[in-house]
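Take this structure, written in structure tokens, and hold onto it; I'll ask about it next.
Naming follows writing order (A, B, C and D), and every chain is counted from residue 1.
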Amino acid sequence: MEIRPYGDTLHDGAVQMSFTLPVPMSPEAKEAAKQLVHRMGFQSVSVVHMADAGEGFSFMVVYAKTDAMVDFSTISVPQVSAVQLSFYGVNAYIRREIGRKVVVLGACTGTDAHTVGLDAIMNMKGYAGEYGLERYPEMVAHNLGSQVPNETLISRAIELGADALLVSQVVTQKDVHIPNLTELVELVEAEGLRDRLVLICGGPRLSHELAIELGYDAGFGSGTLPPHVASFIVQEMVRRGIK
Amino acid sequence: MGKINLDEKKIGHARSAATRIALSLQEFIAEHTTVAVERTVARLFGIDGVDGEGVPLPNLVVEDIVRGGGISRGAAYYIANACVALGATPLQVAVQVAEGRLALTTLPREQQGVEAFIAQLAEIALQKITERRRQREDYLAEHGEGRQPYLYVIVATGNIYEDVTQAKAAVRAGADIIAVIRTTGQSLLDYVPYGATTEGFGGTYATQQNFRIMRAALDEVGQEHKKYVRLVNYASGLCMPEIAAIGALERLDMMLNDALYGILFRDINMQRTLVDQHFSRLINGYAGIIINTGEDNYLTTADAYESAHTVLASQFINEQLAHLANIPDEQIGLGHAFEMDPDIEDGLLLEIAQAAMARQIFPRAPLKYMPPTKHMTGNIFKGQVMNAMFNLTSVLTKQGIHLLGMMTEAIHTPFLQDRYLALESARYVMNTARNLGDEIAFVAGGKIESRANEVLGQALLLLQEVEKTGLMEAIEAGIFADVKRGRFGGKGLAGVVKKAPDYMNPFPALLASRHLQTK
Amino acid sequence: MGKINLDEKKIGHARSAATRIALSLQEFIAEHTTVAVERTVARLFGIDGVDGEGVPLPNLVVEDIVRGGGISRGAAYYIANACVALGATPLQVAVQVAEGRLALTTLPREQQGVEAFIAQLAEIALQKITERRRQREDYLAEHGEGRQPYLYVIVATGNIYEDVTQAKAAVRAGADIIAVIRTTGQSLLDYVPYGATTEGFGGTYATQQNFRIMRAALDEVGQEHKKYVRLVNYASGLCMPEIAAIGALERLDMMLNDALYGILFRDINMQRTLVDQHFSRLINGYAGIIINTGEDNYLTTADAYESAHTVLASQFINEQLAHLANIPDEQIGLGHAFEMDPDIEDGLLLEIAQAAMARQIFPRAPLKYMPPTKHMTGNIFKGQVMNAMFNLTSVLTKQGIHLLGMMTEAIHTPFLQDRYLALESARYVMNTARNLGDEIAFVAGGKIESRANEVLGQALLLLQEVEKTGLMEAIEAGIFADVKRGRFGGKGLAGVVKKAPDYMNPFPALLASRHLQTK
Amino acid sequence: MEIRPYGDTLHDGAVQMSFTLPVPMSPEAKEAAKQLVHRMGFQSVSVVHMADAGEGFSFMVVYAKTDAMVDFSTISVPQVSAVQLSFYGVNAYIRREIGRKVVVLGACTGTDAHTVGLDAIMNMKGYAGEYGLERYPEMVAHNLGSQVPNETLISRAIELGADALLVSQVVTQKDVHIPNLTELVELVEAEGLRDRLVLICGGPRLSHELAIELGYDAGFGSGTLPPHVASFIVQEMVRRGIK
């Protein structure tokens, strides 16, 4: 099934756009905006608003129609492969399949100080009505908080016998999270811990796809709830025979 | 305004509880100094620059004194002592230390004239600051103070030159205040980076050179637009007083200055940063710089409805701590924020209650009002509307320093167009609702009034509790922002030093005793 | 509310001036009928369908009577007469006329039983309408009336099936009311198009079949969401009463119904449309359909600040004209709009004054409040904020029927996403400010109160003037919307007919005498 | 000079977009949005928001970076070629160069009832502080108002001896204005009047470029003021020798 954006008629391809051009507001700037959007492959390009954004910049609002289509039937999204269990389900699963407490370590690494997301997953009080991992009777959850260097996280993981590492990265400006996340995987591998650890990262601009690409077992984005993460950890442990 | 019928007695009680809390903390502060405070003294004495490895001279000097076991006497003494001994300027002394040719603590002590020399150096430093302050006052006399709420936007490209472009564009679009956000992590550096910088993440390094570059740019565009554009940077962090000093020397106009922010959100050791805070505030106060406190941040980790009173309690404490640093009300930009869950029925009433209450309790403070951030999502169109409600609340309740919300808050640090659109929207809302605050009254005994009194009552109880336990203990118990921090945990504890009986620092007394006149 | 201290005496004077204006107009109306009124009678008698060329049977029937010189006696008589004569139903009679096999005026007159037959046909028609009304009441009893302000959005794709998709999506996003905008130019057609249509410009043809399709779709999606979704279309234009009749038969819930709109903005002859209006309103009233008047439109051609009082004056007149058509206050959706120049300082205060004043003067009317349109530009981000201020004003002043502003107002008829975002924004604003109106009071003698009284005073003067000259003369002088229209100009004058002494139309008396009970 | 959209760094190509897809909200819908924007030639595509727009539609907000550039130095915009004169300037010009009153006819043609724009140009009271053409002492301006059929406009033009026709078209949905504007030109030509008339159209979605394309002498869009139009009329008359 080929699909295309929809404004008020099926397949009309209607798209709203806005951007700034590094030239002063002028009829030429407007025309440049139009041509630019044409070059992106749009039709019926209409620059509906132009404003002087100051300092030799002009701001444009554009409506246009794209010819681009995607075949929706071919879309497949790599998804975290775990049966979705509840709080009770996860704990029962651990008792049944693992038979000991699962040790989980979380941290906002590098210079990241955004703990709210990780806390939402880990803290007792939980998030959006779901208890956090600290509340799971069959888990031992340690939240190391913010700005934790990768080295510290690993040494603490060894010390506490962690089964899973939960890494949060919220600041993604200029892709600052990529080298930091990569470094952790490299360090884990260098320590020979990769096989024994479930490696998870999360944050609003992260996706499962990116996580896999960087060598993690799973990645969680906006809207994640604690049981999503817990379900994955325990099933991944069993799948990989981490006992 | 003064329109909400607030329980004035409770306000009085709360304020005196906060005074006692501040005073008891002040005892601790008075007994200590820190490496950052001493580096600040070095800077005020004119020591600046870096060595071959890029280490700032103030750090090398203070490390040298620490190494020599002399830090509890204070850097002022050793620097002046060396100057007198060598007939050199502080900078010349510092260069010698940096080159490893001099260890300050090894020079002969108790020479004649050291104290007088210290007084002289201090006088020169204060004169420079005074001159900057006068410049600001001249500009303001020329262009006027401008109308509140002041529209405050951030630039955060990481590159000071790109920041300049964006800042100037923002001024042309109506901004009154430009804040250059620091690169992520700078507040944990125990030194101040040097020179013009072009590589930051989510912000730009705070350096003296960067301050200078931005100051010049804003003066220029301000002249063109016949207004004085205020410049902001951040003092909080491990270099709190140093950056305050740099800010004073480069004519910044406002500084984010709050030890509690560093403690709670940066895990900086509380002893360290509370001591640093006091000295930094003395400098800010003297320089005529408005401090901005960070209570708004509490509502990013704690719930805005449940924890509203912690914001108010903290404002009371911050006010008193600022007074102890000789800062007049007009320079105390107490922070608060519009962070109520947008799905709450009558949430706007709660926000109005909170904002009007703060306005009334701190009538002369230029309240710093923060936009919705936590509940902003990738839905820029809804975000634009949430920001509009915030803008309206601000003008309605007559806030002082109005941080513009960006519709892209949940996505990236602002693009040029985000800032442009935010300014346009704020100008529209504040103009169309300009005098609304004077034209409506809150119904007596209604939801708005009751909420304000409820928050005030809770804040009073909290302050009374904090008064009993002490502020540091309260922080250990996690009363602010749902975050607990230990007295001996966090970064920078090693830099805290108990003052020796012969400790010497000319500045606190001078800064606190002389009160500059604003024209 | 009732919070503005308005001069009650002036309100009383204004209302009685309006009553006298309406009554004097009513004299003219009572003496006339129009081709549209007569076609409406034909429709109510069950005549529907089109001939081979697509001409509607009601038109053919009425043209036949006109041709035969009988129109001043009314279509009811000739149709019933033919039925009695031929032992046929009105529809059968019409088909014969359409096929050219019958000329109604050529049949023998003054037969026995015609009057009784007319009464019988009228009774059947009224029963159908009553049944529709009962259906609505059942739905409302089941799901409740819903909370005001009702969120009203338009669909306007030109294709009724695409409209259905968009309407259902809108309901799922929170819409309470769906209006299907008519194709541009339909109001100038002197007939009602027929069947399901898929080709309109800037709107979709108003046809009985299209009404039916949308009604079914909204009932379906309404059931799913456990609410009654109201459907709107337009009666104004050359077919005012016919469309009112169709609306009554297909259970529309609201109809735009305003002769002044047609006169001023469509250049429809005033005599024609004022006569049409009265009959159409009788039908709307009886059917339990809320009429929406068009005063808001004045502010698209005249300035909203200067001409605010013309809106109020017109509301007073429309209220009285509606009363004369037996419409209760609860069904009088008087129009007004948020159209102040966004650059005016304190513009929001003026809007609040106007909206609160209207609310107070017409306490039981479900006021129809229109969003900013004229000052909307291609800047969708600013437009979104202007709409937010409008949403706020609406919930603050407790408007009844709230037309959602679209950020793309200046660009195109709404895309699905435009409507979605508008609904989301309105839901947010109205929820967060839900009870704000009850929690604030307007300062006595302040800007808001003074403005409201100023507008009231000007409206009173205007009404007194109109009372002197007469409404038609006032329109000729251009007092509304800065537009002048002549009494004998515009479209449709030829269709106005002076009633003969033996003129017969069973409906006005029936519609006006029986007042249906709403449960 | 090659230019490209600007977010916070020169040539970063940052563009904001929003559109609706005719598929229900789902991870696949989000992925489809991403792929679609990739197909438009964007990099770093980030779907920052997805919402259920109802009835099997999902709404997307996207930020992405385009590689497209335009060479700003090559941009040229066809512009109304007339020296900009003031109210006084135009009247003086007419007295000097034409020596008689210039007759101008305006109308909103077809089914268009949007008179505000045309009134702004023609009415006595004018617009944005500028008098309308009816106020020009050297002009005779007739405003025929709304919904004027093309035939009526032409017969009135002949009757009144018009020098210029001003046609307003505001409703442009589904390009309804194009056939209507085209028809007028054809009728004018059929009547043999083309040489003797300055033909002008205007409206918020019209451009000078489009006007030329359709056979008009000039087109005026949003923000037009009366003297812009008057200046063009009189200079065009002199250029073409209409006397």
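Everything below uses one rule, namely that a contact is a pair of C-beta atoms (placed from the backbone, for glycine too) under 8 Å apart; a residue touches a chain by one contact, two chains touch by 3 or more.
Note that the structure is a prediction, hence the values are computed from the model and not measured.
Asks: Going by average Cα coordinates, which chain is farthest removed from chain D?
Replies: Centroid comparison gives B as the farthest chain from chain D.
Asks: If you tally contacting C-beta pairs, which comes out ahead, A-B or A-C? Let me know.
Replies: By the number of C-beta pairs in contact, the winner is A-B.
Asks: With chain centres taken as the means of their Cα atoms, state the distance from chain A to chain C in Å.
Replies: 52
Asks: Once you find the CA centre of chain A and the CA centre of chain D, what distance in Å lies between them?
Replies: So the centre of chain A lies 45 Å away from the centre of chain D.
Asks: How far is the middle of chain A from the middle of chain B, if each middle is the mean of its Cα atoms, in Å?
Replies: Each chain reduced to its C-alpha mean, chain A and chain B end up 33 Å apart.
Asks: Cα centroid separation between chain B and chain C, in whole Å?
Replies: For chain B versus chain C, the centre distance works out to 59 Å.
Asks: Name the residues of chain C that each touch 2 or more other chains.
Replies: 166, 377-379, 381, 410, 412-413, 415-417, 421, 424 - these are the residues of chain C that touch more than one other chain.
Asks: Where in chain D do residues touch at least two different other chains?
Replies: In chain D, 6-7, 10, 14, 16, 18-20, 46, 51, 57 touch at least two other chains.
Asks: How about chain B: which of its residues touch chain A in the complex?
Replies: 158, 165-166, 168-173, 184-185, 188, 201-202, 265-267, 300-301, 374, 377-378, 410, 412-413, 415-417, 420-421, 424
Asks: Given the complex with chain B, which residues does chain D contribute to the contact?
Replies: 6-10, 14, 16, 18, 46-49, 51, 61, 63
Asks: Using the touch rule from the top, collect the residues of chain D that touch chain C in their complex.
Replies: 18-20, 51-55, 57, 59, 110-113, 115-116, 119, 145-147, 171, 173-174, 176, 204, 222
Asks: Please give the residue numbers of chain C that touch chain B in the complex, ascending.
Replies: Chain C reaches chain B through residues 340, 342-349, 379, 381-382, 384-386, 388-389, 392, 407, 421, 424-425, 428-429, 431-436, 438-443, 446-448.
Asks: Show me the residue ranges of chain D that touch chain A in the complex, using the header's touch definition.
Replies: By the definition above, chain D touches chain A via 3-7, 10-11, 14-23, 27-28, 30-32, 35-36, 39-42, 46, 57, 66, 68-70, 72, 75-77, 79, 205.
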